[in-house]
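Below: a set of structures, written as structure tokens.
The following pair of complexes shares a single chain, chain A, combined with chain B in the former and chain C in the latter.
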Partner chain A sequence: MDTSPHLARAQWMSLLAQSDPAELAAAMDGFAPPADLTWLRPAQTGLYMLRGRVGGTGPQFNFGEMTVTRCSVQAGDHIGHAWVRGSNARHAELAALADALLQDGEQNPSLCRDVIEPLRRALHRRRDEASRKAAASKVEFFTVVRGE
Partner chain B sequence: MMLSAFANPVFDSQRNFRELLQAMARPAAPRELPVLPPSPAPIAPAAMAILLTLCDATTSVWLQQPQPTAVDHLRFHAGLKLAERPEDADFALITDPTSMPPLDAFARGDLRYPDRSASVIVQVAGFGASHGAGKFSGPGIRDVETLAIEGLPHGFWQQRAELASQLPLGVDLYFVAAHQVVGLPRTTRWLEG
Partner chain C sequence: MYVAVKGGEQAIARSLELLAEARRGDTAVPELELKQIREQLRLGVARVMQEGSLYDEELAALAMRQAAGDMLEAIFLLRAYRTTLPRFGYTQPLNTSAMRVRRRVSGTFKDIPGGQVLGPTYDYTQRLLDFETTSPVEVSLADAPLPSNVPRVLDLLDAEALIERIEPGSDPEPIDLTREPLTFPADRATRLQNLSRGDEGFLLGMAYSTQRGYAESHPFAGEIRMGEVDVVVCPEELGFAIEIGSITLTECQMINQFHGGNGVPPQFTRGYGLCMGEGERKAMSMALVDRALRCDELAESSYAPAQNQEFVLSHSDSVEASGFVQHLKLPHYVDFQAELSLLRTLAAQHAAHLQTPPSASPQEDGKAGPDAACSQEPDPTPTLPCAQGREQFEAVKT
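What follows is the complex of A and B.
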């Protein structure tokens, strides 16, 4: 992991958002939320417009909307934010809480060990499985010459 | 330490919006704002309720006293743009009326688009009906309404009377004190003190 604190935070926020909600909930079970918790922005679900160049060329255009749930929480001196795909409010709350706790220097190592690392391994495993599944279905067309 | 905003953003701002409509429809009559959110100094909760109800990323707001905590709070919860100069703002918040800029510093719209004018929210000391009261008349008021608005700078009503000659151009005013709001659209005439 990069040593820059901002990049580290971007990485754990991304990981928390991509994690499986049930796995995140199980991992966060051992961390009691602090007493001075303020939900600055309770979990709310809305639509984000996705823009991009679908073909890789040409101008950007709106190619669809995506359901996003966001949440912000203040725990002690730190504010945690989360934006997650879908409409699972609990996922957004847990991700925001984890983001806030991870910014706290004292709690960061234990959270990295018990939450971030297992989620990273699970994410890699899911990606690996998906790419194996895709690789297994690869079809070789002997009549087509590939540029390799 | 950041504060939260409305507990139920949609329903709370709708309830406040209803009261603000009513305040503008019945000028110079104090109305209660139903939901007041927490607010950082120097912004009063009632003024914060109006800003959170009426402003979003498409409106620009000028703050008379842009304290960093208040600016952060508004940017986070309302996503609004801050205007550098009073004349660029759709909404202006006056937190210290005694040192407020003259009313003609704010946008009055132009004759083709008189709606491109500013709404000015003024935090005042309080409202009364008897001592030093002014008389108001105009659309939405049967005969005459009597109201004292405390804590306004000297010459405020003269400035407003001068703007009245430019109708339909002008600025609309919201006065807030504690949990009350008074609307004073540009069409309401101030008769005398």
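What follows is the complex of A and C.
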């Protein structure tokens, strides 16, 4: 297990970005935003250039762009950031707020329990279902032997 | 040259009203919701995103509705919109090896590790129009999901050193055609960016030409995979990498024959195609054209249109192509008046010449014979520019 201090944060930031915005909003409903909230960088939509690799594994090439919404918020001593795919400002705001609150030692356990874990399970469930559906269309070949 | 034409504002306003009315159609029919387009016309959305070069299903659906289903117009709208947004940066390279596969087939090996997974495809439909309204389908679930890292089919050949290996090397910073103009010769990374944005119909035709003999690539579909890939960025504010979402991609690895040469042993070579969403036809076409454009690098004889990078890359973009073709609708009144005036003069000269008796000229000038008068006439069999081009093409071919 990587003990890098950034690892846990990278994981929750990734999960918040990968989550369904409606599920994130529902999970965050129980957490009242602190009174001293400062939106350092209100939600802003821009572009990231997606990079691919030639042949999948070779040198990089510029593949095409993607909309991304970013947002930064200060809650107490902690600054929360978010970068999420798409143009959903509310998604970015909630993810930035959750990132700020998760950095707070007192609030972290309850957020992990009531926000992060349910979102992780939901994401896993969706991916597992999609993969099982695909796996159901796997071909079982019967070889027809010729000329033997 | 065309000149500014004043007036017509009112007519233009009326035209926009007519366009809006035509776009909306019968108001007794509910307007399409973006969610409906996104969910039920997903392949159209994918094409608009890919050729509009902007992954955003909502915006692509909006563009399709605004363009009344004209895909090239929708692509144009998306390209125009992206110029209004700030660029935050470049993502880390997409790791298609870790794709959460929903479809994965190979035309080269029957038994591939991980299996052939058909996924949602039109390949096995009868192409018969179905007049029944669609009802929800109960989808079967396998007992277990697919492996999280489905191995690449081409790695099987790589183990035997029978296929060229593609490695990052010094991993140079690629040229970005949204910031720099296209110059020739273009390297493979630049060509792939151009082909990614290229019109599917154009690339399909070019790819088809390589199969019909206008290039010698002898292709096999080594692997086609479709599924979701995480997008990873490393913002300066953080200093570490995070996932910011997933996108659907289709990747095609084409395997092509190569007899060796230039110090390289005989081995298979690769063509590569990558496409947003489910875009198998586009990814396969891109891979075939990518391979054909590698003719110089592989010291292959180059004679076919699909091997000519200036020809392919300069004409692949539908926004540029439709802009130039359609600009002919703009006022060219002065240009045309000049041409018209010239043609009237020439026609008058031609008529005057026919009316002049052939015996008249030698009497006026003893040195000038009938031959001189004849040389004034236009050549009855002019060499057309296209005929010249064809001769050059034939010369190059042989």
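We take it that the second predicted complex is superposed on the first by the 133 of 148 C-alpha atoms of A that agree within 3 Å, B and C clash if a C-alpha of one lies under 4 Å from a C-alpha of the other, contacts with A are read in each partner's own complex, and residues count from 1 in each chain.
Quick note on the criterion: contacts are C-beta pairs under 8 Å (C-beta built on N, C-alpha and C of every residue); 3 or more make two chains touch, one makes a residue touch a chain.
Remember, predicted model here, so these are calculated numbers, not experimental data.
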Under the superposition described at the top, does placing chain B and chain C together on chain A give a clash or a fit?
fit
Return first, second, both or neither, reflecting whether A:74 touches chain B, chain C, both chains, or no partner chain.
first
Centroid geometry (CA): angle chain B/chain A/chain C, rounded to a multiple of 10 degrees:
80
Given the superposition on chain A, which partner contacts more residues in chain A: chain B or chain C?
C
Taking the superposition on A as described, I'd like to know which of chain B and chain C A:130 touches: first, second, both or neither.
second
Once chain A of both complexes is superposed, is A:39 in touch with chain B (first), chain C (second), both, or neither?
first
So, A:62: does it touch chain B (first), chain C (second), both, or neither?
second
Which superposed partner A:27 touches (first chain B, second chain C, both, neither)
neither
Give one of first, second, both or neither to describe whether A:138 is in contact with chain B, with chain C, with both, or with none.
second
Once superposed, chain B sits from chain C at a minimum Cα distance (Å) of 7
Overlap the chain B and chain C contact sets on chain A and report the shared residues.
44, 72
Which chain A residues qualify as touching chain C in the complex?
4, 6, 9-10, 13-14, 17-18, 44-68, 70, 72, 81, 83-87, 127-139, 141, 143
Which residues, counting only chain C, touch chain A once they are in their complex?
49-50, 53-56, 58-59, 82, 85-94, 96-97, 100-103, 110-111, 115-119, 139-146, 152, 166-169, 171-178, 188-190, 192-193, 196-197, 227-228, 230-231, 233, 235, 237-247, 251, 253, 270, 272, 274, 276
In the complex, chain A touches chain B at residues 38-42, 44, 72, 74, 77, 79
Within their complex, chain B touches chain A through residues 1-5, 7, 9, 76-77
